[in-house]
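As written, the chains take the letters A, B, C, D, E and F, and residue 1 is the first residue of each chain.
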Amino acid sequence: MKEFYIGQLRTDDEIQDFFMVKTIAIKIGSNKKQYLDLFLCDKTGEITGKKWDVSDPELPALNEIADGDFVKVKANVTEWNGMRQLRVQKIRKSVPEDHLELADYIKAAPEKADDMYLFLLEKAEGMTDHDLRSLCVRVLEDNQEKLMYYPAAAKNHHAELSGLLYHVKRMLMTAERVCEVYTNLNKDLVMAGVILHDMEKINEIEADTLGMASGYSFEGQMLGHLIQGIKTIDRLAEELGIGKEKAVMLEHMILSHHYEPEFGSPKKPLFPEAEILHYLDMIDARMYDMHEALESTTEGDFSDRVWTLDNRRLYKPTSF
Amino acid sequence: MKEFYIGQLRTDDEIQDFFMVKTIAIKIGSNKKQYLDLFLCDKTGEITGKKWDVSDPELPALNEIADGDFVKVKANVTEWNGMRQLRVQKIRKSVPEDHLELADYIKAAPEKADDMYLFLLEKAEGMTDHDLRSLCVRVLEDNQEKLMYYPAAAKNHHAELSGLLYHVKRMLMTAERVCEVYTNLNKDLVMAGVILHDMEKINEIEADTLGMASGYSFEGQMLGHLIQGIKTIDRLAEELGIGKEKAVMLEHMILSHHYEPEFGSPKKPLFPEAEILHYLDMIDARMYDMHEALESTTEGDFSDRVWTLDNRRLYKPTSF
Amino acid sequence: MKEFYIGQLRTDDEIQDFFMVKTIAIKIGSNKKQYLDLFLCDKTGEITGKKWDVSDPELPALNEIADGDFVKVKANVTEWNGMRQLRVQKIRKSVPEDHLELADYIKAAPEKADDMYLFLLEKAEGMTDHDLRSLCVRVLEDNQEKLMYYPAAAKNHHAELSGLLYHVKRMLMTAERVCEVYTNLNKDLVMAGVILHDMEKINEIEADTLGMASGYSFEGQMLGHLIQGIKTIDRLAEELGIGKEKAVMLEHMILSHHYEPEFGSPKKPLFPEAEILHYLDMIDARMYDMHEALESTTEGDFSDRVWTLDNRRLYKPTSF
Amino acid sequence: MKEFYIGQLRTDDEIQDFFMVKTIAIKIGSNKKQYLDLFLCDKTGEITGKKWDVSDPELPALNEIADGDFVKVKANVTEWNGMRQLRVQKIRKSVPEDHLELADYIKAAPEKADDMYLFLLEKAEGMTDHDLRSLCVRVLEDNQEKLMYYPAAAKNHHAELSGLLYHVKRMLMTAERVCEVYTNLNKDLVMAGVILHDMEKINEIEADTLGMASGYSFEGQMLGHLIQGIKTIDRLAEELGIGKEKAVMLEHMILSHHYEPEFGSPKKPLFPEAEILHYLDMIDARMYDMHEALESTTEGDFSDRVWTLDNRRLYKPTSF
Amino acid sequence: MKEFYIGQLRTDDEIQDFFMVKTIAIKIGSNKKQYLDLFLCDKTGEITGKKWDVSDPELPALNEIADGDFVKVKANVTEWNGMRQLRVQKIRKSVPEDHLELADYIKAAPEKADDMYLFLLEKAEGMTDHDLRSLCVRVLEDNQEKLMYYPAAAKNHHAELSGLLYHVKRMLMTAERVCEVYTNLNKDLVMAGVILHDMEKINEIEADTLGMASGYSFEGQMLGHLIQGIKTIDRLAEELGIGKEKAVMLEHMILSHHYEPEFGSPKKPLFPEAEILHYLDMIDARMYDMHEALESTTEGDFSDRVWTLDNRRLYKPTSF
Amino acid sequence: MKEFYIGQLRTDDEIQDFFMVKTIAIKIGSNKKQYLDLFLCDKTGEITGKKWDVSDPELPALNEIADGDFVKVKANVTEWNGMRQLRVQKIRKSVPEDHLELADYIKAAPEKADDMYLFLLEKAEGMTDHDLRSLCVRVLEDNQEKLMYYPAAAKNHHAELSGLLYHVKRMLMTAERVCEVYTNLNKDLVMAGVILHDMEKINEIEADTLGMASGYSFEGQMLGHLIQGIKTIDRLAEELGIGKEKAVMLEHMILSHHYEPEFGSPKKPLFPEAEILHYLDMIDARMYDMHEALESTTEGDFSDRVWTLDNRRLYKPTSF
C-alpha cells in the first residue's frame, strides 16, 4: 500500500503518500507569514516538512491534526543544510477508509510479539532449577502486557516496538548455544540472567504502546533499571521462598551486567554465568546496531558515523 | 597501668609490658631450630616479635597461648629491614589478676558507644518528618547491638571499635551546622541520609565485637553496602507505609553518596541533600585520616605516605 | 515597578516593560529588508528579540540605543526552535523619568555588598594570629573597591554582581561551624585560606562594575588566579614580615584548593586546613548551582540539564 | 602413579613423589652452610623446596640434576611467609625405570593436539569461499608443527601445552553457533578470522615443545602478533591471488581484534564479523580463566584474587 | 593581481575580485524565491556567499559555473551569526584572459615542490648505510609523482599543496641538527625514519593534484598509514635483500611514531632513533599550527581557539 | 687505579678494591651472632655486602667507618634473591695514601662543571634582548655555587653530579639549532626559557656537594620548582625593571613546561617558544635515559625494564 518510505527518499523526488506525525505546529516566518512546520516518520526513518504561506481558510483543517496522527501528503523532496526536507503542497488527515497498516509507520522487531513471548516463557518453564523457573515465569507473567510492546532502549539499539522481547529472545538463543561449548556453565542460571537482566527497563523507560519512548520515569532516573531489578528480585525471592544465595547471585548478575562502573555496574561479574551474561548482552546490541547501519549502506562503501558504535563508519563489502 | 605503647617504641628500648596477640606460631628457622613467631598489638599499633631457640620444655606453656590472648613480654626492640621488631626474652599468658584494661589494647573511637548511640537516636527522634523519623529510629534500633562496636571500614578511616557510630555522629554534627548556612536544605532529609548512608556496612563487613574486621560477607562482596542499604529501605518503607517519593529519594541518597562510578555510585546526586551527604562523608573521612597521620608526626616534619590520601605525606607546622 | 521578568515569560504573552540591552544591531534579512536584532536581559535571564521590517525613518532613534542601555519594549512572546523570542512592535530608549531600579536588571548576590564586605573584614580582624590577621585585612583593603561588584566566575556559579563576596561570606560561615566539629583545625588558618583563595579572580577575570565578565586578562590566561594569588602573597608576606612557613602554607592552600591537576592544582592539600578549604569551596559552588537550577523547576519534576553539574537534571520533590 | 599433586598439598603433609625441576641451585646460607634450593612443578602448580646442610659427598649426585629434569623427593610440607614450601630430606634424579607420564608434570589442554588440529583443518576445508579456504588451510599447514604444542600466551589464559589450538578450537565451536543466531554474518569470514587471529603468537612468543614460554622474540617485541599476522596475510594473499578487499578485511580483523588501542588495536572493528571475533576471543579467555580459578575453590567460598580478571575474587556457589 | 584576500576581509568592505568555487548551487529560500548559494576560497581562507533573488534569465550563465571553477565577484561583506559572508551583486566565470595565478587560490607549502623533493633525495642518497639508502631512494622514486602535491593531512597541520614534502623536509633539517647534539644516534636511521614515517599517507588519504583531500581510502580506513607503511617496507625489504633486523627496526619506527596507543601506535619506541622520530614529528606539527594561528592574530592579543592544539588560544606578544 | 666496578661484577668473582659506603651497620642475625651490613657504591652502581660473624675485637675498627667514607674490601660476589651481593672477608677504612679519585665513586656528568657553567653564561651574555640577558646572567650568578654540583633530579634522568648543568647545556645546544629551522621563534626567549626552566630544582631538591639528593625541601613539597621559579622571576623582574609582558611570558614558560596537568603544569604552552621548551626538555631527558639503559646492554639484546620510560625494554641493534 505504502509506496514512498522515508529511508529511500532522494532529493527532487515528487511524492504522495501517508506518514505519521511526530510533531505539527503553525509558525510565523521571518517574512511574517504563517507556515506549517511538520516532523513526520514511518518505520524507516524521520523527515521534516514545511508548507509555506498557510492561508487563514486552511487553518481549521490543519488544527485538527495532532501529534501521533496520520496524514496524506503531496510534496517535493528538497535539501536544506545537507538534510532532506519535504516542501509540502497538500496535506490532509487520514480517515479510516485509508486502511493504513500501523506496521508501516512504526519501527518494530522483525518477529511477532506473541511468538517471542512464548519463546521466553517456554525457556523459563523448561528450567530444571525450581527456584529459577518459578521466578522467571512469575516475572514474565507479571510483565506480559508491557513486554508485548516495550522497546529495549529509549534510543539506540532495539529502540523499537517489542524491542525488549526481541533482544531477550536472541540472547536466549545464543545463551543456549554457548552453554553447549562451555559446559561448566549452569545453563538455567544463564537463561534466568538473560530473562531478568533488562526487565525493569519497563519501569525505567516511559514508552507508549507503539514502543516509542518519551523519557525516563522518576524511579528510573533516581535508581536505574539495574537497581530496580534488584529490588524486584529481592521482593519476589522472599515471596517465592528462594534461598539467599540464589537470590543474591541473580541480583549480582543484574548489578554487574553492564560490567564497567562508568556504564552503571558498581561490581564486576564474580562467577562465569554473570560474566557470560555481559557478553551475550554486548553481542546482541552490537549485532543489532551494525546490521541496521549496514542496511542503508551501499556495497563497497562506508556507512554514516554510528553514534552508538563510537562514531565508527562501518564497511559493507562487495566480495562477500 | 600499661607503660609501653607500640606507637612510641624506639629501637634499643628494653621493655616489659602486656600486649594482645594477633597471631602466634612455633616455626622452624633456617638453622633448623624452633622459634616463636608473634604478631602483637595494642591500641596504638602493631609489631612482630621473635623468641629464638625455643626449647622443648617451653612448648606446653607456649601452646596455651592463642590468637586474641593477652601476654606479658620482656623484650628488646630491634630493627629488621627498617621495621621495629621485638626480640623476646620472656613471655607468659596474662591471668585475671593482671587486671588489664581492654581499652588499652583495642583501637577505639574517642567517645563512649552508649553516648554516641544516644546522640544518633535523639537526632532521629527530633525529626519533624514523621516518615523519616520512624524509619531512622527503626533502623537504629534494629542495628543497636552491632552499632555499639562496628568499625566504619575494614581498613582505612574509622577502622576501629565503634568507628561507625563515631563517623555518623560527627557527620550529624556538621550536617546540622551546614543546614544553618544553606537554609534551602531539608534538614530532616540530610540527617536521615547521614544516619542511613553506611548502616549496611554492618552486613557488608565481617567484624568481631572488638571492632576488628576479618573480611567481607558473601552479600557484601556480591552487592556492597550501597545496594544492601537500598534493599533494606525498600522493605522497611513498605512496612512503615512510607510513600514512594520519599523512599526512592532516600535510596538515591545511599546509591549516590560515593559520587563517582568508580567508587561505587552509578548515579550522581540529583538533589542538594544527596549532594551535601557526599561532602559530609568526605570531610569526616579526610579529617579522620589526616588527624591520625599527624598524631605520630613531629612538628616541622612530614608524615609517612598515607595510602588513603593518595600517598600524600602530610605536613605538621611549627608556627601554628 | 517592573512587571514582566524574562524568567517567567511564556509563549503568546503580550508584554510591555523595560529591559537591559546586551547587544543591538540593524541587520538585513534574506528578504532584503532591514530588521532590528536585539539581545535583552534582566536579573532573571536573557532573551532575543526581533523587530521586523524597520523603515528608514525609524533608524535615527534606533541608532541612539547602544549596548548596555535600557529600553522599553512592546512585544509578543513567540517561540523559535524551542527558544522563546520577542517579536517587538515598539521600542524606545529609557529616559531618567522612567526611574528604573538597576537591581531589577542585573543578576546579583542576595545580600548588600557593604554588609558582606564588613562581615569579611570583621572575620579578618577577629583572627588571633597576628600575621594572618594583618595579611587578610591588607588584602581585603587593597581589593575593597573591586570586591564590591566582582563576580566569582566568568560564567557558572556566582557569576553575578558581588558574587565573589557572597561566595567568600558563605564559605566563612560554614568554615566557622566546621571548626567547631573538627577542633584540631586551626581556625585562623582556615578562615585566612577562605578569604584569600579566590581573591585574584579580580585580576584574572575582566568584569565591569555590574559584575558582568567580558573575558580573561592577559595574566589570567597565562597564569591563572591560583598562581597570581601565590605571587601576591609572596610579595605581601615579605612586606609584612610574615615567616616563610606561614607564607608558604598559605600559598600551598591557594595552589591546592582545586584539588585535582586537571582542575588546575598541581599539588594536593598537605595539611587539614588546606583539605577543608577545598571542600568548603565545593560545597558553596554546588549549593549555589543546585539552588539556582531548582528555583525554576516545578515540584515533582526534573530541571533542565545543568552544565556545571555534569549535565545532571535535578529533582524537586513534592513531599518535602 | 603420581600420588601427591602440588595443587593439593597441605602444610605438615609428609610426601614422597616425583616432580619436575624448574630451577635447582646449591647456595650458601647466612649460617655459612651450603643448602639445595629447588623450584619444582607438576601439572597442578609450583612449589619451592629447600634441602638444608648439604654435605660435600652429596654434591656429585646433586650436580647431575639440571633444570627440566625429574626428581624423586621425600619431604615435609612447611609454611614460610604464608607460602607452602618443601623441606626436603631425600632427593634423587629419576631414571627410565620410573616410567613417568609427562602429562602429569606439564599443564596441558584437555584434548589431544592431533584431534584439535584436525578439527581446525576440517573447518578450514569446509569453507565455501575459495580464497578463505585456501588461505586458512595454507596457514594451518605452514604452522602445523608448532601448533601442536604452542601455548596461547606467555602467561595468563591458555598458557599451557597446545593452549593455542584449544583456544582456537573452542572459539570455532562458539563461532559456528553464533552464526546460527546472527544469520547476517558471513560464517566463512568469521571462521577464517578465528583461525588466523592469534596464529602469529607462534612467532611472537618463544616457547619450547612442552608449551612453556620463555619470553618474546625480537620481532614480537618490536611489532607484536597483530602486526606480524598482517604481514603474513599480506604475503600469502599476494601468493594465492586473493583480492585486495578480502585480504585487507582479514588484516583488519586481526588488527582490530583486541578492540581497544591500549590493548594493541589501533582500529576498532568496522564490520560485524570483525566485531564478533573480538567477543569470541574475550569469551573464551574469560571462561578459561574463571574455570581455572574456581577449580581450586571450595563451594560457598571465594577464590584467590585473579590477576587476569582485574583482581576479582570469584565465587563458587553451593546451591547450583 | 589579486587585491582582496579572504583572510583579510572585514565587514562592510565592498570588494571586486576573483575567487575559487568550492561549491555552487541554486536553492529556493523560505520566501520561495531562488538564490545562488556559494562557498568560495582563496589561499588565505574560505567564505560563503549569497546572491539573492536570481532571475530566470541569469540561470544559463550561472549553470556554467562548476565546483572548482574560478569566478569574478562583486559583493559586500556582511555578517551572519558571527561569520563573515558575501552578499553578491555580480558574478561571472573567469576566462583565460584573466590570467589568474593558481598559487593565489590554493593553500600551499612555502617552497617549490621540486626543490623540496631534491632535498629529500639528496639526503637519501647521502646515507652511508647501503640498505637504508637504497630503500629510501626507492620509496622516494616510487612516490615521486604524488609527493609533488600531496598534503600531509586531510585537515590540520600541513593540509596544503605539497604539505607532505614540506613536513618531511623540515623534519630532516631538524633531524640533522639534533644528531649533532645527541651523537649516539645513528643519523642514517633517524633520516630514514623521517623519510618513511608518513609516506603511506599517499595511499591513506585521497587527495587531488591541488593537495586538497576528499577523504580516506578503503585501505586507509581499514588499516591506516602506519600499518600500510609496514606492509610496504616488508615487501621492499625482501625485494632489496635488507636484513630482518634493519627491516623490523624501520617497521617499528613507523609503528611507534605516534607514541600513544590512542593515537594509533600499539608499541612505544624501543630505541633512541624511534624515540627522536616522534619528537621531530611533534615539533614540526606544532610549529606549523602555531605559526599559522598567530599569522592572523594581532600583537598583544590572543588567537581564536585552535582545535588541533586542544583549543588553546595562542598569544602574540608586543615586546618580542 | 680502581679495578673492579660494581656495574661489571659477575657472580663468583673474587675481588679486592675500594668502594664508597652509603650505609654501614652492625646487626644481629637470626643465629644471634653479630654481622656487618653494608651498602656500597661507585660511579657505576650500588651493591649490598655482608661480613658474617663479626667478633668483638673487630668492632673498634668497624665503628670508625661512617656513611660516606671509603673502604677497601676483599670479598666474593654471591647471589641472593637474584641480586648480586658481596660476602666480605676483609674490610678497612681508606687512608690518604690510597690516593682515591673521587670521580671513580660518584656518578657525574661527562663534562667539567666549570666549562658547562661558562657555556651557559656565554649564551646568556650573548642575548640581544637586554631584559632577558640581565635576568639570565643574574640567575646564573645567583646560583653559580650550587649549579656546580646540583643534579637535575632526585632520581631518574640526570640524577648525577652537575646533572642540572649538563641537562641545560645540551638543551641550549639543541635550542640554538632548532631556531635555525623554525626561524619564527624568538631565539633569546627560547634560550632564556631553557636556562630558567629547572633552576629552582636547586631549592626544591635537597642535595649534597656530590650531587646526591636526600629528598625534597619544605617549599619544594608544598609548591614545587615550577611555582618556586615563578616566584623568583616575579621578584627579579621587579628588581630589574623588566616589563610585565616579558615577565609573565617567562613565568608562563616555566609553568607550562611539563605540559600536562598530571605532570604539574596547570597551563599548556600558549606561544611557540613555550611549546618548544617542553620538547627540548623531553628530548634531553629521553636521550639521557635511553643512552644510559643501552650502555649496559649487549648488542642484539633488550635492556632491563626502564622505569622512567614506562617500563619499556630498549633494544640495542647489531647491524647499526
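A few remarks follow.
Assume a residue touches a chain if its C-beta (ideal position, glycine included) is under 8 Å from a C-beta of that chain, and two chains touch if they have at least 3 such contacts.
Treat the numbers as computed from the prediction; the structure is a model and nothing was measured.
When the partners of chain A are compared with those of chain F, the chains appearing in both lists are B, C, D, E.
When you average the Cα atoms of each chain and compare centres, the chain farthest from chain D turns out to be C.
For A-C, the matching interface among the pairs A-B, E-F or B-F, defined by over half of the contact pairs being the same residue numbers, is B-F. Separation between the centroids of chain B and chain E, computed from CA atoms only, is 62 Å.
Per-chain CA centroids place chain D at a distance of 48 Å from chain E. Between the CA-based centres of chain D and chain F the separation comes to 43 Å, rounded to the whole angstrom. Chain B has residues 30-31, 218, 221-222, 245, 249, 270, 302, 313, 315 in contact with two or more other chains.
Under the contact rule stated at the top, the pairs of chains that touch are A-B, A-C, A-D, A-E, B-C, B-D, B-F, C-E, C-F, D-E, D-F, E-F. By the touch criterion given at the top, residues 28, 30-32, 218, 221-222 of chain C touch chain E in their complex. Contact residues on chain C toward chain B in their complex (touch as defined above): 129, 170, 173-174, 177-178, 180-182, 184-186, 188-189, 243, 245-246, 249, 268-272, 275-276, 279, 282-283, 286-287, 290-291, 294, 300, 302, 309-310, 312-320. For chain B in complex with chain A, the residues that touch the partner chain are 218-219, 221-224, 226-227, 230-231, 234-235, 244-245, 248-249, 251-252, 255, 260-267, 270.
Listing the residues of chain C that touch chain A in their complex gives 29-31, 35, 50, 52-53, 78-80, 87, 302, 313, 315.
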